[in-house]
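Read from first to last, the chains carry the letters A, B and C; within each, the first residue is number 1.
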Amino acid sequence: MFFQVLDILGTIAFAISGVLVAMNKRMDPFGVLIIAFVTAVGGGTLRDIMVGVEPVSWMRNMTFVYVIIASTVFAVIFRNKLKHLRRSLFLFDTIGIGLYTVVGIETGLVANLHPIICVALGTMTACFGGVIRDILCNDIPVIFRKEIYATACIIGGFTYFLLRLFLDDQNYLFVIAGFVVITIRLLAVKFKISLPSLYKTEA
Amino acid sequence: MFFQVLDILGTIAFAISGVLVAMNKRMDPFGVLIIAFVTAVGGGTLRDIMVGVEPVSWMRNMTFVYVIIASTVFAVIFRNKLKHLRRSLFLFDTIGIGLYTVVGIETGLVANLHPIICVALGTMTACFGGVIRDILCNDIPVIFRKEIYATACIIGGFTYFLLRLFLDDQNYLFVIAGFVVITIRLLAVKFKISLPSLYKTEA
Amino acid sequence: MFFQVLDILGTIAFAISGVLVAMNKRMDPFGVLIIAFVTAVGGGTLRDIMVGVEPVSWMRNMTFVYVIIASTVFAVIFRNKLKHLRRSLFLFDTIGIGLYTVVGIETGLVANLHPIICVALGTMTACFGGVIRDILCNDIPVIFRKEIYATACIIGGFTYFLLRLFLDDQNYLFVIAGFVVITIRLLAVKFKISLPSLYKTEA
């Protein structure tokens, strides 16, 4: 129940981020809806088709479909006021990647995959909705260029497998891993930490 | 039999639209063939991998493979004369999206999915070949920006589920739904109807 | 054993080509790793999800995951010296497409698909990692525009099915088909052969 509320908050934040990017590209209402949808469910869809969980999750859970449609309508109508919600949206988005990372890891565990693959699936679930959003909008995916985002998911994922050596309770582990992702992301944004650059002069 | 002829006409139109976009980008013969292929089968492929129908449909039906290859060769050779065929191609394309919408809905019904998901699958089947074509050609997908196209599929799809409350005959329902898609698309193009803009000044 | 060495050499070359393209776009370390990964496994992943082999191959074989990570670290550190390795990398890459073509054909044969589909799967395995790399980097895929690359895979694939009419030994056939791909690619690059242009004046 508690997890479901978090999951819905994350979905709302992802859908709204899709709406904002799509409207920035001046897409029509249909385009805006599709981008909102893809941002919210794209990462999980990619995870499911690679692991072989089909029909993919969102096709079997109408809650998310309704949440995404409602968030899109809300974001389109109140788009001029969304800037006042920036802090909440950032928080929801951060909760979203924490939770999506954990959901992705769980999918990998259920399919008996190697820990590194599970971490990759968690990161994919959290980050690839945004990647597909950016590709559909004809941009280079933003997470490949800046910000600690995927890195938080990767560290959270490895924390899960590290702590599993000492702890038994799966739920407890999931909560800790999610918190690690969220904390790293919040700290990275607060203190403007980014990955070390590979290049001598910055573009 | 009648449906198969329509299906082939739709495939021809989709493949030729791929050839025209690819040649506009000055691709080489291999690139042109791939774009033609992707435009014709991309939507159905995405639908099949999301629902779990694998190997995907076109891999099990050589007719479409041959039709796409033949259409590509034809379109490359007669590209300067295709403008005289513009009306026929538009008609074939419109028949194509009507039929593809219905095929997508049927896939969803067979997999026991919710009506909204079925409509989404129908729209995806009809529209996402063009979306993948545009991404491979490095454009923002045209259907996200203008034209009643996806909207016709969505309305046709909901018509199907609405009429199903009153009618029993599946085939009859499919024909009506397909016709609704085709009619809306034809009227929208004839009267230059597009979705209401979300923006005050047009780009 | 011999095949596995070739496979690893191909994977190294593909991953390094991803690193070079990603660094050219000034991506951060995470982006570089993802592009290396996608270039190396993208074609096989697409093949597997279309045919229904899930979880996809690389998720069940950690060797490749380690090879890709190691190649990425190596390529990032020694990027200024990679030009001295250009010949080796080109050779590895060429070995890679020869081998990947054969692996793709085999996947199709195992799933009982038509020879033309098998050739398409072989070509997809060899070429679509690069296509996805280019899309993520916001370029029109290079193989759609120039170079004999996919064409070599297609010819090698048809050679396999042609020779199968006369020969029985599967392994022997695979080796020949792989060699045909490699030879055509080497000759095409050496003699600067490309596909005939479809356009009167070259762009």
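One rule holds for everything that comes next: a contact is a pair of C-beta atoms (placed from the backbone, for glycine too) under 8 Å apart; a residue touches a chain by one contact, two chains touch by 3 or more.
Note that the structure is a prediction, hence the values are computed from the model and not measured.
*Asks:* For the copies chain A and chain B, give the interface type as same if over half of its residue numbers appear on both sides, and as different if under half do.
*Replies:* Counting which numbers both chains contribute, under half are shared, so the two copies meet through different residues.
*Asks:* Once the Cα atoms of chain B and chain C are superposed, what angle does the rotation have, between 0 and 180 degrees and to the nearest 5?
*Replies:* 120
*Asks:* Between chain A and chain B, what is the gap in Å from one C-alpha centre to the other?
*Replies:* Inter-chain centre distance comes to 30 Å.
*Asks:* Which chain B residues sit where two or more other chains touch them?
*Replies:* 49, 52, 135, 138
*Asks:* Report the residues of chain A in contact with chain C in the complex, numbered from low to high.
*Replies:* Residues of chain A touching chain C: 49-52, 111, 113-114, 116-117, 131, 135, 138-141, 143-146, 150-151, 154, 194-199, 203.
*Asks:* Which residues, counting only chain C, touch chain A once they are in their complex?
*Replies:* Where chain C meets chain A, its residues are 22-23, 25-32, 34-35, 45, 49, 52, 54-56, 59-60, 62, 65, 76, 135-138.
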